[in-house]
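In this document, chain identifiers A, B, C and D correspond to the written order of the chains, with residue numbering beginning at 1 in each.
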Amino acid sequence: MQADVFKLSMDNPGDVSALAGLIENGTILAQEIVAFIGKTEGNGGVNDFTRGYFTDRLMTMLSTYLNEPAESLARRIPCILSGGTEGVLSPHYLVFVRKTGESDGATGALAVGTAFSPALDYRHVGTREHALSVAKAVEAAISDAGIRSLDDVHFVQVKAPCLTSERIAILHERGETPPAPNAGRSMALARAAGAFGVALALGDIGEDELSDDLFLEDFQRHCDRASISSGVEVEANEVIVLGNSEGWTGNLRIAHRAMCDAVDLTAVQAVLGDLGLAATPQLDASEWDRVRGVLVKAEPDRRGRIHGQRHTMLNDTDIDAQRHIRGAVGGLVAGVIGDTRIFVSGGAEHQGPDGGGLIAVIAASDTADINQQTAGA
Amino acid sequence: MQADVFKLSMDNPGDVSALAGLIENGTILAQEIVAFIGKTEGNGGVNDFTRGYFTDRLMTMLSTYLNEPAESLARRIPCILSGGTEGVLSPHYLVFVRKTGESDGATGALAVGTAFSPALDYRHVGTREHALSVAKAVEAAISDAGIRSLDDVHFVQVKAPCLTSERIAILHERGETPPAPNAGRSMALARAAGAFGVALALGDIGEDELSDDLFLEDFQRHCDRASISSGVEVEANEVIVLGNSEGWTGNLRIAHRAMCDAVDLTAVQAVLGDLGLAATPQLDASEWDRVRGVLVKAEPDRRGRIHGQRHTMLNDTDIDAQRHIRGAVGGLVAGVIGDTRIFVSGGAEHQGPDGGGLIAVIAASDTADINQQTAGA
Amino acid sequence: MQADVFKLSMDNPGDVSALAGLIENGTILAQEIVAFIGKTEGNGGVNDFTRGYFTDRLMTMLSTYLNEPAESLARRIPCILSGGTEGVLSPHYLVFVRKTGESDGATGALAVGTAFSPALDYRHVGTREHALSVAKAVEAAISDAGIRSLDDVHFVQVKAPCLTSERIAILHERGETPPAPNAGRSMALARAAGAFGVALALGDIGEDELSDDLFLEDFQRHCDRASISSGVEVEANEVIVLGNSEGWTGNLRIAHRAMCDAVDLTAVQAVLGDLGLAATPQLDASEWDRVRGVLVKAEPDRRGRIHGQRHTMLNDTDIDAQRHIRGAVGGLVAGVIGDTRIFVSGGAEHQGPDGGGLIAVIAASDTADINQQTAGA
Amino acid sequence: MQADVFKLSMDNPGDVSALAGLIENGTILAQEIVAFIGKTEGNGGVNDFTRGYFTDRLMTMLSTYLNEPAESLARRIPCILSGGTEGVLSPHYLVFVRKTGESDGATGALAVGTAFSPALDYRHVGTREHALSVAKAVEAAISDAGIRSLDDVHFVQVKAPCLTSERIAILHERGETPPAPNAGRSMALARAAGAFGVALALGDIGEDELSDDLFLEDFQRHCDRASISSGVEVEANEVIVLGNSEGWTGNLRIAHRAMCDAVDLTAVQAVLGDLGLAATPQLDASEWDRVRGVLVKAEPDRRGRIHGQRHTMLNDTDIDAQRHIRGAVGGLVAGVIGDTRIFVSGGAEHQGPDGGGLIAVIAASDTADINQQTAGA
């Protein structure tokens, strides 16, 4: 097995031409695509329709190649998008491809697995049950990836369902108490449940310790490999597991680091070092093609201070706090990476240290035979 | 002569208590204050009243110590504020103090000079005449600072008048053609005029080359030591010159670097190196007190790309482009400096390379006797 | 006793020149000023500093005429500002003046009373205790206004304290459970408590019925004469009561109407009719001077629909929902009134019908002797 | 010939289910659809992708019924969308249907015509040539509508191409001077050209008087029946003409009125009166189904005042001025109409009086046989 990752630019949220071109010219076989992670240029909030627009166009385009309805594709190929390209960030998407029968490159290479949980009962959104559901799906995705040691998992992306006013009404009609009073709170709880679910699957917490009393309360508890988003558009948990595995070949590797706070430049440099990339301080332009994906979670420090100084993100009625933090952390990471196509997502509760987050990077090893297929780089 | 710089936090745009405390306890003599540069937490646009609020409170407070009306103080002590603490940036202000009769520390230390030009005729706003007016004021401020070699000037902050609809109406009544069709355009032209005025005073351009045809047109022309803001609240050009001078003593020094683009991490590391500070990659917390001021100008690349990748700042109807760039560059610089009290100002036309900008840092040398007066650090 | 109301424009949130001019020319005696209600041009949110800026300038200016420190004035003269002049709304302030010894005009005229409650213990913010505290202050203000029949009260403006993260921390230190988990929730609860407090004082609800279980839950309960704002800047409840009273003379009267929803044009026309003003459909320009104050509360319908059609205010990450509703209702009311200096405030929980709000208008009767003092009209 | 208009709601910008349902149940024949006008819930600016998303979904859906590629449909069926449902406005779209062979209802009924101009050479964008091109297309659409008297034309919707940085670059390469320095200016000029083009076609201005010196300069010149939008997505002028014609039958009629300013409630009431609808002051709910379309153009007064009072729309860095005005005027018009599905579009240069705009309403006559097909009402 061999994974490949393509980092593709988009001109607008309806533009899937870069992928279509690679399918047309044979670089990518449509049936080998297993997942997408991307950033679109909306506001990243409830009324960000750029995610739906892009997914719609992507699945419609793929359906013409795969002879399968777009709706069906959307239920088996995770497409997890984060809205908001604040500051220097550039709209883009990562295409994860899984090839069989190839054997170039060393073993211990990047492994990709995916899984979908069963539909989650609305009464469990953001609860311990939700975490257990995520944990099972993560285990399935690890198995799908053929990763044997949990230490080899470096990044788990989850998209988890949340409540909406309609779903809350359904629970009330059923005579049940909704696990959250409104959509916004349920999204935060769902992200917490997702993080604890990943932690459970990765052995970072024991099942007996798992309690939803910890969710959004005990921020000392965190999983440095969990990246969770929550949205109304899914009924089940969607999972993408990224790691390294002896069963996979190729020149790609993944590494990750926790970020202590929103200005943790050291973590960014360190994760590159883990992959044999030297940023001094910025990665040389000749190395940019080696970096196939940069995945970051971040959060405005809820205590209102960074390194002891007040920040104003949480009290701003004009700009959403998540937009602020994505712009700032995006600027920091882009300064090191050089390529501004960086996935930075907010809402990092329990995903990395409190007030910080995490970073994962996928990079090609420094060989002469670096895959020339990284079009759009 | 000896300069001191205090980096003070504010809790809100009406909070001048940090300075009041330092005056009360004798750390700062009110009559020795010569200038202010700061960041307030407004939107940085036309309807940002946090700058006026802070200036009003500051001058009112000082007037009680100096027995001089606030309006009069505002006309002799430059107080140049930039609105917008996007992302990790923290509201703060630098207080520049000039002491005589002291002689501790080496010579060749930080020198501070200020000057006000005569009121600028509205018909000259943003023209060659404006640049000449700025140049003269810069020369006066250099002289005030006692800096002999132009190479020793590292940062020139100018606040330049712009047009308003009222001022345009006045010109029409006088039968004259306004030099810009609206306030927004006149602000950009005034910043350009300011940058060329500084360039002329510093010998970066000859007076015969100076033409307003270059303004906002020839972006190859830039001055890497000019930081210009433009506002309706001034009638004259206000200038603060910062440099190093043999005539000044103390342990403070200033250095500057051009920033090639919005992700120029190298420049940020380099300017610290110029001052003997090693950020590996972030400045150690034990060194934060040494950094007395960080002054940055930046700009969303008007060509729409950074390192070849599309950015979305210039087409965003929800968030002003200058807010985007301040947040991103603030995140980058804070990652190196550690302290989030960083002055990042947008509108960097001709102030540093096109699409980039510049950074200047004031720091104390690494001696045991680092001034303990840096309250608020 | 005679009340007068001046509707004054401001050029920016630091501009108190209109009032200063009227004091200078003797139109207003500074010692007769008893209250202010106004709209400033900030965003109306937590980081809206235009309210503080204006209050600061106002009290500083008054202190020069009254020989009393600004801080002391702020504790006895209520100055209740709402930020946000979205759409056609124009920044302005109403100055309420109380004159004695005059007797022109009929009795039954506009009466104004004010009161301050004792400082509210933080553990009571947004609870039944808070409502009781407000009720007592409203009773004191009614008494201050000399209004005998509760039916003669038409508008009660309250500014109520809320929690902040600091205040929550203080409660935790005292070993007490904060009545709300965060500042935002406490502001909504404080507005609810204020509305129920006014309802209690006006006899719209009995003390035995009063329970904080109703707050933000039973929206069938509402007071159509309560206008509540909540802010961190106060420790006590500040109250302004407006009504008509036999004990007062003059040509001013006040009337109010509930607004059923955000498009309730009928209510706006009706309240003018109550005052003998005919808007057909817009008030004639010759009548604008008669309208001395228009006070409106409004709210985005929390059920997401208006007249059965979806609105998008509550899901907008770019523009705060309160900014949306102020702009829309401001446009509606201005269409009838003609003068765009209208006080429209959001956060109308329990203040008027669910999804709607209320409107109160102060107008001069149609006599030849309409007070010529309405400068700025 | 008979026109019908369906006012359909959308749940999100990708939701075309209301129209799909009406096609599925036979209420609408897909081949009889001739035009769309609608409002989507984006920001209405350059980065508003809700317009493209909706058009994409709409044309894709229609193509399945019409056996014609979506791209081809988009080139022959005008779909003119305005982004921004500020305040009470509700996302919706009007479907214009043209039926032949029917003869119920009186003659002199609503007539609909459409036309596309040839692709406009970029060097003509926003110039006199552009106006002439629009005029010809309007004449073609009037002819298509079978309207004989120009007085019977009540509303002309145009979508006109503008410049982009790419198009400006193409002109520079061809050695030609672009007619505008940037995209934003070219959009305003294109709207002006469109308005003058409509004016020319309707006889409101003579061809000898037509000069692009008037564009964005002489605001006394305006056409009260022209509604122009400008966008990068078109290469040709798209035109929809709406009027009444003896050659058409049915119970629908259209009327229009100029709006003098942004609070012109009188005009809104008057246009309903023209159609035999009495709003006293709001249209009774029993009449809402009769109103098939409300089309409004509006503009923040560029002189900064409304009825002599300052507005703050043009200086707001947080909220775009067009968003402000749409919300305010939407609130005003909704107060009269009752149904919040109102098309309010900004950028009204030369489209109605300076600082105002225009309103057109399509309504069914008061007969027992009002078409029951107005689903979604």
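Of note:
The rule is simple: contacts are C-beta pairs under 8 Å (C-beta built on N, C-alpha and C of every residue); 3 or more make two chains touch, one makes a residue touch a chain.
Here the structure is a predicted model, which means the values were calculated and not measured.
Note on connectivity: the fewest steps through touching chains from chain A to chain C is 1. Between the chain pairs A-D and A-B, more C-beta pairs are in contact across A-B.
As a whole-number value, the distance joining the C-alpha centres of chain A and chain B reads 39 Å. With centres set at the average Cα position, the gap from chain B to chain D is 47 Å.
Among the residues of chain C, those in touch with two or more other chains are 41, 43, 47, 312, 318, 323.
On the chain A side of its complex with chain B, the touching residues are 9, 11, 41, 43, 85-92, 262-266, 268-269, 281-282, 285, 288, 306-307, 309-313, 318-319, 323-325, 327-332, 334-336, 338-341.
The touching residues of chain B, when paired with chain C in their complex, are 12-14, 41-42, 47, 49-50, 52-53, 56-57, 60, 318. In the complex of the two chains, the chain D residues touching chain B come out as 43-48, 165, 304, 312, 315-318, 320, 323.
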